[in-house]
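As structure tokens, the structure follows; a few thoughts come after it.
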Amino acid sequence: MSEFIGRDRKARRAYGFDEIALVPGEVTINPEEVDISFKLKDQKFEIPFLASAMDGVVDPKFAIAMGKLGGIAVLNLEGIYVRYADYETILDDIAKAPPEETTALVQKLYEEPIKEKLISQRIQDIKKAGVRAVVSSLPQKAERYGKIGEEAGMDCFVVQSTVTTVKHLSKSYQVTDFSKLCSTLKVPVILGNCVTYKVALELMETGCAGLLVGIGPGSACTTRGVLGLGVPQVTSIADCASAREVHFKKTGQYVAIIGDGGMSTGGDVCKAFACGADAVMVGSAFARTKEAPGRGYHWGMATPHANLPRGTRIRVGTTGSLEEILYGPARLDDGTQNLVGALRTCMGNVGAQNIRELQLTEIVIAPAIRTEGKLFQAAQRVGMGK
Amino acid sequence: MSEFIGRDRKARRAYGFDEIALVPGEVTINPEEVDISFKLKDQKFEIPFLASAMDGVVDPKFAIAMGKLGGIAVLNLEGIYVRYADYETILDDIAKAPPEETTALVQKLYEEPIKEKLISQRIQDIKKAGVRAVVSSLPQKAERYGKIGEEAGMDCFVVQSTVTTVKHLSKSYQVTDFSKLCSTLKVPVILGNCVTYKVALELMETGCAGLLVGIGPGSACTTRGVLGLGVPQVTSIADCASAREVHFKKTGQYVAIIGDGGMSTGGDVCKAFACGADAVMVGSAFARTKEAPGRGYHWGMATPHANLPRGTRIRVGTTGSLEEILYGPARLDDGTQNLVGALRTCMGNVGAQNIRELQLTEIVIAPAIRTEGKLFQAAQRVGMGK
Amino acid sequence: MSEFIGRDRKARRAYGFDEIALVPGEVTINPEEVDISFKLKDQKFEIPFLASAMDGVVDPKFAIAMGKLGGIAVLNLEGIYVRYADYETILDDIAKAPPEETTALVQKLYEEPIKEKLISQRIQDIKKAGVRAVVSSLPQKAERYGKIGEEAGMDCFVVQSTVTTVKHLSKSYQVTDFSKLCSTLKVPVILGNCVTYKVALELMETGCAGLLVGIGPGSACTTRGVLGLGVPQVTSIADCASAREVHFKKTGQYVAIIGDGGMSTGGDVCKAFACGADAVMVGSAFARTKEAPGRGYHWGMATPHANLPRGTRIRVGTTGSLEEILYGPARLDDGTQNLVGALRTCMGNVGAQNIRELQLTEIVIAPAIRTEGKLFQAAQRVGMGK
Amino acid sequence: MSEFIGRDRKARRAYGFDEIALVPGEVTINPEEVDISFKLKDQKFEIPFLASAMDGVVDPKFAIAMGKLGGIAVLNLEGIYVRYADYETILDDIAKAPPEETTALVQKLYEEPIKEKLISQRIQDIKKAGVRAVVSSLPQKAERYGKIGEEAGMDCFVVQSTVTTVKHLSKSYQVTDFSKLCSTLKVPVILGNCVTYKVALELMETGCAGLLVGIGPGSACTTRGVLGLGVPQVTSIADCASAREVHFKKTGQYVAIIGDGGMSTGGDVCKAFACGADAVMVGSAFARTKEAPGRGYHWGMATPHANLPRGTRIRVGTTGSLEEILYGPARLDDGTQNLVGALRTCMGNVGAQNIRELQLTEIVIAPAIRTEGKLFQAAQRVGMGK
């Protein structure tokens, strides 16, 4: 629905997770009996959860733990794990830095050059544990790192930047050819991020296996404040899911839509699937696990940006083990634990046998439950922080 | 009204209490002269108020007090009153637990098995006081507990779960047949919770006497945050009331619509009736009475859930006697006291002679009165909590 | 514009002051040259401002000060000024009461019977100062007090209750006949409060001179929270102004629409006129004057209600003289001072020569300026209150 | 889109920056390669940023620094720099005044008469540094000061008042003839502020080079609260940009639309261009620079208003050098630094080669990112302020 925001200017209304809710079904199902598996081309995963390629969330050890629990953790090939052989003290430094010095420190630490040898080593460490290795790179480095990764045995390659399109213009550097990359690599490639129907469709035509959907919605990301850019997740996931259906009809290729960012609770995760996602990529929720390398802190990959840092280091705390966050039992009741249990219960309540059915469940536009309550919680957090 | 939330995805706009207000009538009536009685099949109650089947709200003593004052208190047959013969110390423990340990403690206390003998005894205690005994059970236990309850003399049976439908699928356990239950039991049966027209209609066809309407809106319930599920109360009550009218026209059976949850003030209660409710079920307001067993605390029945707890113990305080909360005089001016007086005054001001007329009164969509004021109050509560 | 809030239930969207803004005009005018006078039948007032009939705002001394400055202050004939001959200590007691005891104290103080002799005396005191005496009564007492007032020389009579209609039903008491009242009394009668087109039209047909418009919007009034009742002021003033135009065309009688409640700043006042008001009745702004009897406190006339008190004593502080609040210079920049200057400047900027032209000025629907800023202010007030 | 706000009263929906977001493009561009230059008639500027004509932002030294960095700083000819030869102690006094005395102090300091000799001197000081001198005046003084300015060598003249129209009515003073002014002066004239299509068109017909667009949206300005006046910036910029296109088609003259006020972050700035602006005028962001004369404070030009002060002195702090605020590197991640970098990155992401293309980029209506997050930040600022 488009409305006039000015005399000759129309804009479409876009929606975010806080503005919708799911409607209980006419049939309900025993939650234990629903199917929540996720497929990326020929690879099947037990649960449709990916951990974000952020240094406070995924290190090689976390990747192994996540893989053993059925999910996917993406290791970032721009991060400290490929810059420093011994990274534990670096993580300590970031965790201990006073708030006002963090951005500068992080900027400085990320100036250390990437070692290609470390890329191979990290991948091999993960493989040795019997877990699929999934790594990510910026588009500029994708050709080079993809080759190194494949040689080291990676199982899936994620090429990710804030805004990714097939057509990028530059006179000063070589632009990555995603079609060539997808056809050259033998492993499935996930591209992102994008938020619109048209870009999703163009990216799908490169032969990728999945798309990361989400620009600007994450809690450690301030793209919208700094750049004005962003499309709320409900609309962007629904639009890209439309592109998936059209592409599937035309080509027979099913490209996975992976909601990325802006999901802080089980409720948000359930809504992402209801909007059309096949899987979700989550950051903060996993940053809170005992296994997360961030020591209770979390920062975005735009934080170390030398010239235009976005997002900051956020204290998220450590609230449980990865197993508890994924499978419960929840010890907190705020929707940040037992994400798999929440998804199953939701599917049971709306009567969805699998994710494909959940993608079609009824949604209502509804104001956030209790603004006053949220205010109270926000205020309390401040009070409790003292 | 449906709107596009994505390219091929529509969602209907649903409304909550904070978004509406009632319009004063063209005729006004002396509040003392309006009729607020409530009928559940052949049973008539003086006032259309039910106290929630929550352990912090209703124990046998509270049920007696409520019955003597003309209302209905539902005793929960999954709660501590049927798990522990002597429950006062249990209530003390819950009230004294530090916040961070509450969920775990509550989970543990509810692991104590239910004693069927206690079910009979609690019902008989209430009956002995000359008050109608109304008890509730989960669907899974409804057949068994219904039988015990009826033998013990219960007057009304409530079968309640977060989301209740006629069609529930499970390969691993026996699904409750509500039609059979309603025809087997001699007492009126109330089923719930539901929020949609279609499910309400199907549940009415089982022969029940009343429906609990409300999923996710209560202050001690975080279903929407954890599961993404919920329909705001204005729309869900109005939709289920539509089902009631259709069912009544077709069958001659009038099934009571009982708004359950999300009402924290007299204003919310009045709006629930204006949306079509025949009665309201209230939790927090009654948790604040001197008669409430929670000692100033309140917790939902999903709080003790072993794997996916929702809602937490909330400090509500004790602000007056049950009689004051129901009939005044109000000593607070925030709408949480003298609920019956508020309902009568509202009916007088909109010119409704009885609840059926109130169900047709004019409503406006209107933003919450003073966002800034609410902010201030929320902030103050934090300040005052220190 | 009506929308479906449920399957068979429509509601109209109503607007409040926070949701609109005035559009600067194509022509602008020197603010000193606009006409802001106000007429109530044959009586002309220099400025279109009335001070609310609330005990914390208007005592006989305030009424005199307001009259000398060109405005109207309404003395309440249910208040302490007609209950106590010497009321200064009563005002001291209310100001000094601890917050938690205030409602009870106010309830008790208002149990003292009204002395009819004091009614006459208060009116005569005001008249002696050379100022017009305007007094108010509840409908039930209007016949009796109207007679006393007229004998004592009152210039205008206000008959006010929360919700006033021509048709009030009661079997237990005599209902006031407004047509008879208006034709019996020689002075102009103002009736209120009302908020809808139809009720406004019916009240106008009784022969009244003005209508008070506003139910539930004042800052010392919680009608909407307690009773669910209320129509935001933009819509209620615009609707009642429509009734005025229709009534004027039909009868040639121009009945003044007086916006009452919900205006806390000059901006709100200007918007009330732009929505169609001929005058505004303001409470809190005048409660802050040095002349106000409330000693920096303010309470609604529903606060002392014995059974269902609404609103509470609010600390508003004392920020300037009545002359400063009305005519400036403003010493605060929050819109609560120099209300006349604000109105003149606004009229100059939208290009309105007089109030009738201001009633037709362009309005936009616009979200409140800076939610974040307001949050900040709300938070700050709490911080500053410690 | 107009909606009924009352029975016979329609209002158009207007939008603000917080309600929209920009949509990433189908093509992306290397940010280093986009063109962000700005033209005002024949004068070309490297960057489309103007610093507001506010005394806490622009003194002669700041104007020189800004000019050397490619932007424009407007020196106010009503300010203290033309009232006091030695103004540093005045600035100290304002910075040191206790909050409750500030408005009164500022009012008093601005009573000192303007010295025309100082006008010439300030302009010459700026010119001597090799920088273009841009100065501003109220309409009443425009003829006189324009002449003095031109003699002193000014390069551009800004005539600014809260609400400016071609037709101003007054019986007591001579009204400025903008057409005459624009044709008399040899330098380009910028007029403002305005917010509507019709007034923008009429002002353009006077022959001006640019228009300031924005009434009521700035953070140091409370026009909307005090006067009820204001149009949110998205709609006002889009409407005035429409007028620019129409005027350009008709006359071949391209009049620059300069968004003024309400932009506190890079995101807001990017949105202003996307709505149709050719340049932006920013206050608070520059008030935070080391070069700003306000010593970490900021106040509006309506603050010293003798009778109706609006806006107050705000503590903004000093967060970096002007070069850092404009060109980075950002040391804060809240969008208030590296404004030029943010604009370039945004243009790269939406695929705009220049400002004209950015003016056509896709916009969505989207709720502010994370209300809860903003609440948290607001609450934190209070906590941190203690």
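Going by the order they are written in, the chains are A, B, C and D; count residues from 1 in each one.
FYI, a contact is a pair of C-beta atoms (placed from the backbone, for glycine too) under 8 Å apart; a residue touches a chain by one contact, two chains touch by 3 or more.
Note that the structure is predicted; figures quoted are calculated from it, not measured.
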- Message: Taking each chain's centre as the mean of its CA atoms, which one is most distant from chain D?
- Response: B
- To bring chain B onto chain C by a C-alpha fit, how many degrees must it turn, rounded to the nearest 5? 90
- Item | Interface composition of copies chain A and chain B: same or different, split at half | different
- Where the centres are mean C-alpha positions, what is the separation of chain C from chain D, in Å? 39
- Item | Separation of chain A from chain C, taking each centre as the mean of its C-alpha atoms, in whole Å | 55
- Task: Could you tell me which residues belong to chain C and also touch two or more other chains?
- Result: 13, 15, 235, 371, 375, 379, 382-383
- Item | Interfacial residue positions of chain A with respect to chain B in the complex | 1, 13, 15, 20-30, 32-33, 197, 234-235, 237-239, 241-242, 245, 265-271, 274-276, 328-335, 338, 341-342, 345-346, 349-351, 362-367, 369-373, 375-376, 379-380, 382-383
- Query: Any idea which chain B residues touch chain A in the complex?
  - Reply: 3-9, 11-16, 18-19, 103-104, 107, 162-165, 167-173, 194-196, 198-199, 202, 215-217, 219, 222, 224-232, 235, 303, 306-312, 368, 371, 374-375, 377-379, 381-383, 385-386
